[in-house]
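In the two complexes below, chain A is the common chain; its partner is chain B in one and chain C in the other.
Let's turn to the complex of A and B:
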């Protein structure tokens, strides 16, 4: 048995064991044990508990194949290594179960209860159930090892099929909702039972995905070729068409989604708006701003105080549209006030000071001193919606809010793009690269940074104004530090410096997981949201620090020099003459 | 090269002091550069040559002395203001914006000569479009100064993909793009092979003859110093120890002693 490395298998096995113990200890398993994904046998809790085992079994013998090196031989040793890893994980889990059963540690770990032991042993009690606890992980580990025996494309299909079956089951709410909206609700009733996908439907989904996956890969390649065409004119035309297609999709989308999902997407829009603003500050100008929520609060409070009929001090009852310019103006003022003193600092110092300013703003709104104007802890209530023609956009009609948020996001995306592709955007990039040299090349660093700060503040203020009209009441507790952090995580996970990246981050984090106080698609995970945020952030920092969708600048660098060299040589000769003329001076 | 001398003093420095802790990097340097000159600054390692550039371009404030540029004191100005006034430089340890493309590196250097701000950028006004097109044309034209080395497909390559010699060339192009009157080059041929060195020596002369820049060069390569300089200034321990034509300086006792390390 060549290539079998016992220590490596044991290492992966114990990592898998640790993942399982952790899942139990934080209560993830117990909380989702009764949320079925595949009717009638697979629950979300089990998936969360066991997902790492096949991966560990696979990793136990996974070697990177380098060009020019002989690929390692496949065979029994892969399976054995997987089995050993799974077994090791199972034994860790077994020991854990015995310990939890024997000792009462609930004083410290509240989740390690008798019920947990019952669930883990399938009600068979400690000696009998242990067989199950060791055998299931061992089998899963072995299955992971067996993945080495099939071809790479089959493996990819298999994993993709499993993933899709799980995603459809997990997002049952979305799928049945969309089916209802397109008058196919009956289909939803057939394939879903008690919020879980029927087992045969799960198989059907998996089979469908496995069959179509190769074709879909080709499609992705074609779309990429279409969007990043070598010819600049065609690239521009293609991107205009695809922008129109996306726009049409966005217009149709709220009609397909019910009000609940529209509400979710409206939250995505709100955070995307802020994410785009923060992206200018952090992603383009390279200033780590941890007090971004302050500008959001300024926008929200300005609109609230000016429009609410029961505003504590003023009795203005302006329309939202009249209050908007004032809100923007106040954001600019706040941006200048906060920006001027901190702008000369760099890196960590800037982060700490902005964090302090963010908290100061929240505490000011909460304070007794300003309570006559901003209502202190009671906040500002009865903020009216946004009048549009005869209708009024407010939180109770999420579809309207969604359209409006889309509109604002498009404006913010345009502003981001236009600034990025301008003299100011280049100056920001240069400052981020090397501030000293940027100054030596004639860039007024302080002014350029202050500009970034102000543009970011305006977009956050816009978000605040929308938030005020959407929620209808504003409290200081809506503007915790957590909001700043989550917007930052959206930018980092999505891909700093890239507009589509921020959008992906917002949809994934705010839409699926949920915002600081807003529920996401996986509302069930609300209790574990911050845990998942943290884990995701750590994972991204270690594995993909440039984000899920890094900026084109970076991916172009990765594609290397030869492609562009070839493209240049292939050009019609007229261009070369122009270059020769340039070269002659 | 007669005809260049006798013109108005472009840079006039008197009693320039700069110390870091107890080290006197510059201990009272007096210096004058006339318009249209090419002046070399030489000296052993640690003589204060780069500190001299850093103080003139405002990276460090001087501890004492005065720097007059075109009859105006530039002491205390921000380094961006000094660049705007017309002094541009390159760095000894090439400091490009590595993740920006070749073209962008040169475009960004025109920042202080262009005006479109955030409003025009967002509204994409005709003024902005015209200015952007102008910036790009000018950047391409500046890069063409170096022959075919930095043009064509190179425009859109990140600066980090360039060879060492091309990085040095790009840095000079970037400094040229700020439209200076006075160009400070810090060891422009360091790390280049003899052929590249010879080529760049020719270009340094072209900088003056075609572009009309006044040039101050810090250089260790004595052949380059001999070929380009109208005048050579020798620094040692932060003090000017000799000044004159290359032949004068190379036979000067004090200079030989400084280089050979006599006590």
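Let's turn to the complex of A and C:
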């Protein structure tokens, strides 16, 4: 049989098996077994356990079609390969179940319990349930193989439809809340049962998405055409209109969300603010700053110490607005102090040293030595909110915090954008691409980099000031290295160097998964949040280092593409494509 | 800018002298730690530093060969200590731990080495190999991701509780006299094992065929490949050897502190990297010496320098001392105290 490669199938099958065993062993499956997605039969645990199988079944015969060669014919061999891969995965899983059932390893592997075997076999016990454990993966693998048989566009629609059905089920909270706010709560009650989407509603969502997907693609294309119009004057006008549209959307949004979701979105705003700052340092100037949390801490502590009525040392009780300039000033000082020594270092040393600075700052805030000023482990409490007119913005009114955070984010986004387009922004780009050449062109490399550090520090300090007023009490434990890492993941997942990208990253990660201490929409993931963050970081670096919404220039650098003289010189005469690509860059 | 660095340099030296002088004055007036307390701090510092040194070797070797900081190396170390705990616990239950401690600790050591080696090699295969040609910050960011992924994988697999190794036999807890110095037995064992491992590694790298190919690949990958060296295999060997060293360090950690948890790897990892830089990255004896020096700074530094300023709770600030050492070394001597050994392309 042509095209059927047993070793390839087995390899993908065993990877799928490993994924399933991993999901069980770290406890993901068991933890989400109770959370139904599609009522009454599909749980989140099962999705997490089985999602890889169709992919493995598909990959079992997915070979690149080389130019000038005929595409291999589709047929039975695709299905067989998928089936074999799924079967292999199922057998791995079966062996695993038998082993867990026979040996009592709970003392070592805490998640491999009797309950796990029960859940895996659906209560049928070991010999009986094994049929299920092998058959379901085999069928899913086969389904993956069958995907080869339909056309590419049908495949895309099918996958999109499935994804959307799952997303709607997963984000049940958002959908039912929004439905309730627009007085359609009854609809939510009908389509959702026990936080899960009814099976017929899932089918309806999938069908709707499948029908509309082509039209939506056209819509996206039109929006893109509108935003990136060739004519510069029109582009400016269009982007002003779209900015106004975004603004209007942001003003209406909190009214639709209710206070719980506004709280989540306020966290998104906070991290977006910091993400925009780190984006300047990492994305524009190309310095990997792992101690970004230090500036956040400085901003928060400055505001806390100056405004709190029970501040350990001072008795100032300033208003937030009075403390803000001081907080920003302190952030600038911290930025200069940290930035000056590290700027000339190699990129990777810079990362570790900034990390060291971040830890130093946290330990100092925690220490007995500075406790008379910063309260040590007790921190600074009773930080008042932000007075705006007669109202006061504080954590207990998330809608207010949300509007305020949006306001700051808009300012930060505007500043980022203006800097990016400025002389300084071009200097950063030049430095990032080739420091030596940039210096030779007359750019003051050290000063430009220090400026990036300072702007980043200001935005983080602003974030800290907002954070202090929002949560009302500041502890050193809020300023762990984790904060830096999570902001970094936000920037990287969204797309380094691209402002809308950072926004997408913040919404997806902070909003859905949650921040270092803040819960996200999927609060049940809390225990596995950092596992997912780590995996996501690795996945992005391996597959999409430029992020979900990349900036064009940055993505080329990250992929190591040298689209310059070499490509131009090597082109065969009359090669229009290379010229077009060069022009597009 | 340079003026700023000069101010930092002079300021650091003045503060250092001031602090030490303050401590000496306190000592002369009868306050502060006694001579024996100082000796214990020094010994503890060296023992811990020897362990840092072993971890540092992994950072140094990987940096020498691939030119990036393997941030997840601390987790490689933790994985060894973690799995070693379960072996030790089993041996305790079957009473081998008490009856034949030497055999028991050898088994623990072996399991720890195997685990760490395996983890290091798997991580290389899955995460780092596809990124060989990427700009150098990409594998660094990847390794940060791996680091968190491994931490929380281990938390998921084995639970988040701190796992305490069974207590070592009395002979290790009592003090041993060595060259007129009384040293706690377990610390002496740690130092001896670390030195023996280091000598073994040095011989391996200098005398064996694999060791020679590691050095050749560190010097220049392309030319090494032209000379018939299998670069992929050599890189795997580098990760394996670095992992094995971290595995040894995992057992030594258990001997020193007994408690292991999923976040155990983070701080020692960063500090070991500091040690590697301190000794000159890529320089293996330098990494070991850097480790011992850092352990000393950290063990003695807070008492010696900070206490002189009358700062309360100086032992809380031991990590600050370690990180400050890192910052100062990278500012003033980024090539390390004993010189870095890197190929021209990695230095860029």
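Basically, the second predicted complex is superposed on the first by the 547 of 585 C-alpha atoms of A that agree within 3 Å, B and C clash if a C-alpha of one lies under 4 Å from a C-alpha of the other, contacts with A are read in each partner's own complex, and residues count from 1 in each chain.
The definition used in the following text is that a residue touches a chain if its C-beta (ideal position, glycine included) is under 8 Å from a C-beta of that chain, and two chains touch if they have at least 3 such contacts.
Just so it is clear, the structure is predicted and the values come from calculations on it, not from any experiment.
A.B. asks: So in the superposed three-chain picture, is A:427 touching just chain B, just chain C, both, or none of them (first/second/both/neither)?
C.D. replies: It touches chain B, and chain C stays clear.
A.B. asks: Who does A:441 touch here: chain B (first), chain C (second), both, or neither?
C.D. replies: After superposition on chain A, A:441 lies in contact with chain B alone.
A.B. asks: Quick one: classify A:474 as touching chain B (first), chain C (second), both or neither.
C.D. replies: It touches nothing on chain B or chain C.
A.B. asks: Figure out whether A:369 sits in contact with chain B (first) or chain C (second), or with both, or with neither.
C.D. replies: second
A.B. asks: Which holds for A:272: it touches chain B only (first), chain C only (second), both, or neither?
C.D. replies: Touch status of A:272: no partner.
A.B. asks: So, does A:161 touch the first partner chain B, the second partner chain C, both, or neither?
C.D. replies: After superposition on chain A, A:161 lies in contact with neither partner.
A.B. asks: Of all the chain A residues, which ones make contact with chain B and with chain C?
C.D. replies: 557
A.B. asks: Taking the touch rule as given, give the residues of chain C at its contact with chain A in the complex, in rising order.
C.D. replies: Residues in contact with chain A: 1, 4-5, 8, 68-69, 86, 127, 130-131, 133-142, 144-153, 155-159, 270, 273-274, 277, 311-313, 316-317, 319-320, 323-324, 326-327, 330-331, 334.
A.B. asks: Can you tell me which positions in chain B touch chain A when the two form their complex?
C.D. replies: Touching chain A from chain B are residues 57-59, 78-81, 83-84, 88-89, 91, 95, 97-100, 104, 107-109, 111-114, 116-118, 120-122, 124, 128, 131-132, 135, 140-141, 143-145, 147-148, 151-153, 156-158, 160-161, 174-175, 178, 210.
A.B. asks: Mind listing the chain A positions that touch chain B in their complex?
C.D. replies: Per the stated touch rule, the residues are 414-415, 418-419, 421-427, 429-430, 433-434, 436-445, 451, 455, 553-554, 556-557, 561, 564-565, 567-569, 576, 579-580, 582-585.
A.B. asks: Within the complex, which stretch of chain A touches chain C?
C.D. replies: Residue list for chain A touching chain C: 22, 25-28, 108-111, 286, 288, 290, 340-342, 345-349, 351-353, 355-357, 359-360, 363-364, 366-369, 446, 485, 488, 492, 528, 530-531, 533-538, 541-542, 545, 557-558, 560.
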